[in-house]
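Several structures are given next for inspection.
What follows is a pair of complexes built around chain A, which joins chain B in one and chain C in the other.
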Partner chain A sequence: MPPRLELRNITKSYPGIIANDDISMSIMPGEIHAVLGENGAGKSTLMKIIYGAAQADAGEIFCDGKPIAAHTPATSRALGIEMVYQHFALFESVTVVENIALAVSSTFDLDALARQITELSNRYGMPIDPHRRVHDLSVGERQRVEIVRCLLQAPKLLILDEPTSVLTPQAVVKLFETLRQLAAEGCSIVYISHKLDEVQELCDSATVLRNGKVTGTARPKESTSAQLARLMVGAELPEMHVSPSVPSDKPVLEVRGLTAPARDKYGVELKNISFEVRGGEIVGLAGVSGNGQAELISLLSGERTHGNALSIQIDGKAAAHLNASERRKLGMAFVPEERLGRGAVPPHALWQNAVLTAHRSGLVRNGLVDRKQASNFAAKIIERFKVKANGPQSSAQSLSGGNLQKFIVGREIALEPKLFLVAQPTWGVDVGAAAFIRQTLVDLSRSGAAVLVISEELDELFEICDRLLVICQGQVSPPLIRTKTNREEIGLLMTRVDRGNGTNGRGEVAIQD
Partner chain B sequence: MDLFIAIFTGTIIAATPLIFAALGELVVEKSGVLNLGIEGMMLMGAAFAFWAVIAGLPMPVAILAGALGGAAASLLFGVLALTFLTNQYAAGLALAIFGSGVSAFLGRNFGSAPIDALKKIYIPYLSDIPVIGPMLFRFDPMVYFAIVMFFVISWFLYRTKGGLVLRTIGESPETAHAIGYPVIRIRYLAVLFGGLMAGLAGAYLSVAYTPLWVENMTAGKGWISLALVVFATWRPLRVLLGAWLFGGMTILQLQGQALGIAVPSELLSALPYLATIIVLVIISQNRQMLALHFPASLAKPFRPAT
Partner chain C sequence: MAAPVIATGLTLLVGSLLFAVLGYDPLATLQAFFIAPLNSLNGISEWLLKASPLILIACGLAVGFRANVWNIGAEGQLIIGAIAACGVGLFYPDPDSMLLLPLMFFAGAIAGMAWAAIPAFLRARMNTNEILVTLMLTYIATLLLSWLVHGPWRDPAGFNYPQTALLSAAAMFEPFDYAYRLNASVFITVVAVFLMWLFTDRSFLGYKMSVSGAAPLAARYAGFRESAAVWTGLLAGGAAAGIAGMAEVSGPLGQLSPQISPGYGFAAIIVAFIGRLNAFGIVLGGLLMSLLFLGGEAVQMNLGLSAALTRIFQGILLFFLLAADFFIFYRLRRIPEHA
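Up next, the complex of A and B:
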């Protein structure tokens, strides 16, 4: 039997960089094959070449033994190759069902397709409303749309780029069941992930990339995480150092009875949210996306203000009525979920992006930007946070996700905040950069700052947080002490069904006094 | 009552070229391309149609010639903006100037005599109904065709897969390309369609509305069409209503001048432009609706990744 997909000596270079250097691999029908590698290792480029969104400079691709000529996404899809992008290929201005209709070649019957989507998404435990506009969906919900879109095609080869980062543990289990079932039906799966435990659980074989080259192949089920990580990073991963926290006496962030209506008809209403974050500790907010995180983040960051000034207090001062800039004056810093567009202006240089939030740190004089100061400031961040970039002049969009995130986090930390809000700190960030960012957050909190991490990745929260909160349907659970709870308990809280009489109907949870 | 009927029918007729041109531009902009050259394409259409009439060709052929004239002009823009990725603002402005010049050149031997205008159709029975008959059923075929085009375009944009593809290309050509749609080809089709429609608008001016040849006879209607699309927040129904508003104001100010209202006629002539823009500015205040209908990639050049 010929392999479902075979790559022979694929080489692709962009100006100044060889993204893929002589890569060969093959995947049999029904095989689940992992492609491991850090960001910038060439995974994304390779996937684009397989999918036909980019053309290799040299090398050949065979599908079921036949060479693919004149390769475009359309020919790939005709061959049954489907891809779930890491940066979603969805149109924001139209609905879920319209998005999916664009990718399926059947007749244009939106009602029938909507029923199919509802049915399929429920079967795989990823419920989505087909008539919502993508613009109103969270990142996690968008990913579900992508996955369902591909599954509707009954693909022969499915490429998944870090698909589990926003799913609950229970949903991951379900997704894996789906993928195994697909593989058993003969569908080959290319699974890109940096989560080694998942790769070990799911994948039959793995190709590891580093700097555009294949550094090894492995049978993940027979290898240890350490072995795989070494192939990937080329060195041992630094170990996390989490020293015990010494929380301050007074909370730095205090949220009291925060209630807010939904942003729009698809938003989530926030109901009587109360919690606090003290200096010196990291508090994590877990939850499946679309449960009110977006609303809470915009209220905390000051993008949205609130009439009841006392419902949010920063460092003991009423802050809910203040805008983002005024809250920053109180010592708050904020790293949003979207790096490009909200965390940074994509076409602008790093030094210009530094000015966006650091303008109070002497970068602006007499109303004029001091370019030299700004450049120095950006250069210091690049050096201190080990950002791979061609200096302060490089544009934000030219950096890989992990490096840009390091820059943005670094920019905010350089402001020496008392309160640090960060949403999805390691979304789409490679394992090395993610470890670095997490360590940075831990170090920041141990130096006395209050850190609130909003994340859909439980592993991350369990690794760095002192206390955990869970948001579900606009309500926030009482705090749980990290060392006294576990993933299953959090997972249940993330998906709990409101039993009608509030949120506290759980007896066995390790609630803090 | 006769005055009311005259104002009403005058409004519908005056709005017709704007409906053609603005709906065409709406389709172009929905695909993410900004063609500022409507004025030039309209003038090309007007000149081609007028030339066909004085060359003795039958009226339907003349109107078709006008449409093709507009399309030919738009193709020029398409090559510059879509193939060579020229700045769309510059290419569109160049087209406006170019079309004005070429049409003047073509028209230098047209003379100043009026031609036989496109015939009005008296729809049997219906046109005999009192009041409603003269108001609705005694127009030339192009007036009805413009309304038909409104329904066709609305249906196409919001009810067909082709329309969905067009709109999504206007939002994110990169994504559409990634799913496998031929972005450049579809944008060419949209630009050509916009050219055809602008050509029809011009043809209507020279063979039905005036009907004679005057240099630069569009008198800014191309620019008004462009503004209509923006202020109508890229929605067909609002384009239609905006065109009627402009037509109505044009007729009212003419009537006002005829009645000798003591306002300088230059100011009255400016009234339709002013009133249309004010009203459209007011209705385009809803930011959320604006964001929803605005083609996010408008005027951004797109080159497929290699």
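Up next, the complex of A and C:
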């Protein structure tokens, strides 16, 4: 049997960079094949070539033994090749069925299409109501819409680009079930990721890319993470050094009885939250996304203020009524979950983005921005955090997600904060850089800063935190000492409600997806 | 940067077509429209005289536009500025005082800012839409002006024309040469262009406003107050428009009448966008827009074409500018039919 897809010596270069260099691989029908690599390894370019959205400079692509001629996304779809992009292209204000109709149908028989969507989505265990509006859907549900859109075409090859980067752990489990079912029915799947554990769990085979070249192939289920990481990174991962924490006597961040109504009907109400973070320690906040993390972090960062000034205290001073800038004066720094548009201004250069929060560090004089100082500041961050950029003049949007994250983390750490809030510090960051960022957080805390990490990756929290909190349905658990708890206990707290209040009656599970 | 050039080119092209359809020789008409007006010293004087308020107002508006604060009521702020300045000029006890002109300058600026403060307050406090409020206030300003010149401020010696008495010499800007109308108020515009460049390109406040415009969530993240951007943006536009109104009264007009502006406040919006909200670009945009005003008048007088032509050219120019932007940022592509 010929392979479903075969690439022979694919080469693609862009000005100044060879994105794909002589890449060959083949995927059999029903095979789940991982393409592993760090950010910038050439994965996305390769997928665009397979899908026909970009043309290779050299090399050939065969589908079921036949070469693909005049390759465009349309010919791909005619051959049964479908792609789910990392960033969804859905119209928020219309319903699921209308979105899908726009993408796939030649006719607009919405009722028939809606029935098809319901039937198909139930068959693959990811039910979706075709008449809901997209803006009401969680990210996981939006991804289902994209996948259902592809499934309607009865694909023979499905390409998924980092599909889990936006999903909760539970949603990932469901997605994997769906993908396995699809593969069992003979559909081949190309799965792009840099998450080793997922690839090991799901994929039958893997092609590893580094700097545009194939550095190896592997059977992920039979390989260790260390072996795969070495192929990806080209070197051993640095080991984390976590020295024992010496917490300060007084808390740097103190939250007392923080209660806040939901921002809108999709938000979560925060109920009587109390915890503290001391200097010299890292506290982790675990939880399934959508349980009030976004509300809590915006209240802690000052993006939202609170009437009861004493409910949040920074360094002993009432702070809940202060805006972000005023809290930063008290020694706070913050890395938000969204990099583009929140942590950085997309069209602005890096030196301008340095001014965004570092303007108190001598970058502004007499009301004027000191461009030279700002450039120097940005250049130092680029150097110290090994940000891949063409210098302080590069725009924030020209950087890859991981590199921009390094820049933002670097900028905030350069402010020498007393209190450091960071949400999803390593989302979309490659393994090497993630290890570096985690080590930096540990070092920062050991130098005396109070660090609060909000993350959905339990492994990450267990690796660096001294104490752990769990947020569920707007309530925060009492703190747990990292060394005296385990994943099971945290997992239970993540999905149970009302533990502390003695009501315990509702065994409701707080999973969004 | 290409969009304004493309838009200007296409405007000329469509303009020639328009002339041809109307039965005029396109080349000769374009010559009469765009070149003949600048053939004399008086033409140059008129060109700069009309460019000055356009550039001044556009500079003020662009400060707000950069932060997504949409003040489209500069016309009203100009009128209120002109009324306040003229009021000071008419009723100040000593009509020959050296203080008169500076007082009128501040009266114009403060009145323009006060008029713009209404939408600023409403937006900052009650989140009303400043586009609607500024636009509606323009009509109120126009009617207020009309009431004043028809009623309380009408010149008793003016043969019942709806206009005020002429201002005294001390209330007027000195022309460079009494043969032409161009006067010292252009220096105000030169200073405004420099201040606008300094503000947008170098100042921290201008930086904060560009963050508010480009990424409101990042502004919130950094703790830059949205209300500060709203107030700064609207007050800058109001002050510039108010000063432009004062410069009209103290310059070419010398008095108030029901029609004191040929639409400078609205045309300045186009100038700000042709200039890419950038000081240097606004100067070029203002010169182009001023030429459209002059050319419209010239072909009306010399060839008998309609005065509406100027507005048509303005409209075509803005249309092509927005369209050129769109096609520079997006590519049009034929999508094959689905199988």
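Keep this in mind: the second predicted complex is superposed on the first by the 388 of 513 C-alpha atoms of A that agree within 3 Å, B and C clash if a C-alpha of one lies under 4 Å from a C-alpha of the other, contacts with A are read in each partner's own complex, and residues count from 1 in each chain.
The rule is short, and it goes like this: a contact is a pair of C-beta atoms (placed from the backbone, for glycine too) under 8 Å apart; a residue touches a chain by one contact, two chains touch by 3 or more.
Note that the structure is a prediction, hence the values are computed from the model and not measured.
Trainee: If we overlay the two complexes on their shared chain A, which of chain B and chain C does A:Q181 touch? Say first, second, both or neither.
Mentor: The answer is neither, since A:Q181 touches no partner chain.
Trainee: One more residue to check, A:A53. First (chain B), second (chain C), both or neither?
Mentor: Touch status of A:A53: first partner only.
Trainee: For A:E98 in the superposed arrangement: first (chain B), second (chain C), both or neither?
Mentor: In the superposition, A:E98 touches chain B alone.
Trainee: Looking at the overlay, what does A:E326 touch: chain B (first), chain C (second), both, or neither?
Mentor: It touches chain C, and chain B stays clear.
Trainee: Comparing chain B against chain C, which has contacts with more of the residues in chain A?
Mentor: The partner with more contacted residues on chain A is C.
Trainee: Just chain B (first), just chain C (second), both, or neither: which does A:A74 touch?
Mentor: both
Trainee: So, does A:T483 touch the first partner chain B, the second partner chain C, both, or neither?
Mentor: After superposition on chain A, A:T483 lies in contact with neither partner.
Trainee: Which partner chains sit in contact with A:L90 here, chain B, chain C, both or neither? Use first/second/both/neither.
Mentor: The answer is first: A:L90 touches chain B but not chain C.
Trainee: Touching A:S24, do we find chain B (first), chain C (second), both, or neither?
Mentor: neither
Trainee: Based on the A-chain superposition described above, do chain B and chain C contact any of the same residues on chain A, and if so which?
Mentor: In the superposed arrangement, which is not itself an observed complex, chain A uses residues 72, 74, 77 for both chain B and chain C.
Trainee: Which residues of chain C touch chain A in their complex?
Mentor: Touching chain A: residues 198, 202-205, 207, 210-211, 214-215, 217-218, 220-225, 336-339 of chain C.
Trainee: Please name which positions on chain B make contact with chain A in the complex.
Mentor: 160-161, 164-165, 167-168, 171-172, 175-181, 288, 292-293, 296, 305-306
Trainee: Where on chain A does chain C make contact in their complex?
Mentor: Spelled out, the residues of chain A in touch with chain C are 72, 74, 77-78, 104-106, 301-303, 323-328, 334, 336, 338, 341-348, 352, 355-357, 359, 364, 367-369.
Trainee: In the complex formed with chain B, which residues of chain A make contact?
Mentor: Touching chain B: residues 48, 53-55, 72-74, 76-77, 85, 89-94, 98, 101-103, 108, 133, 135, 264 of chain A.
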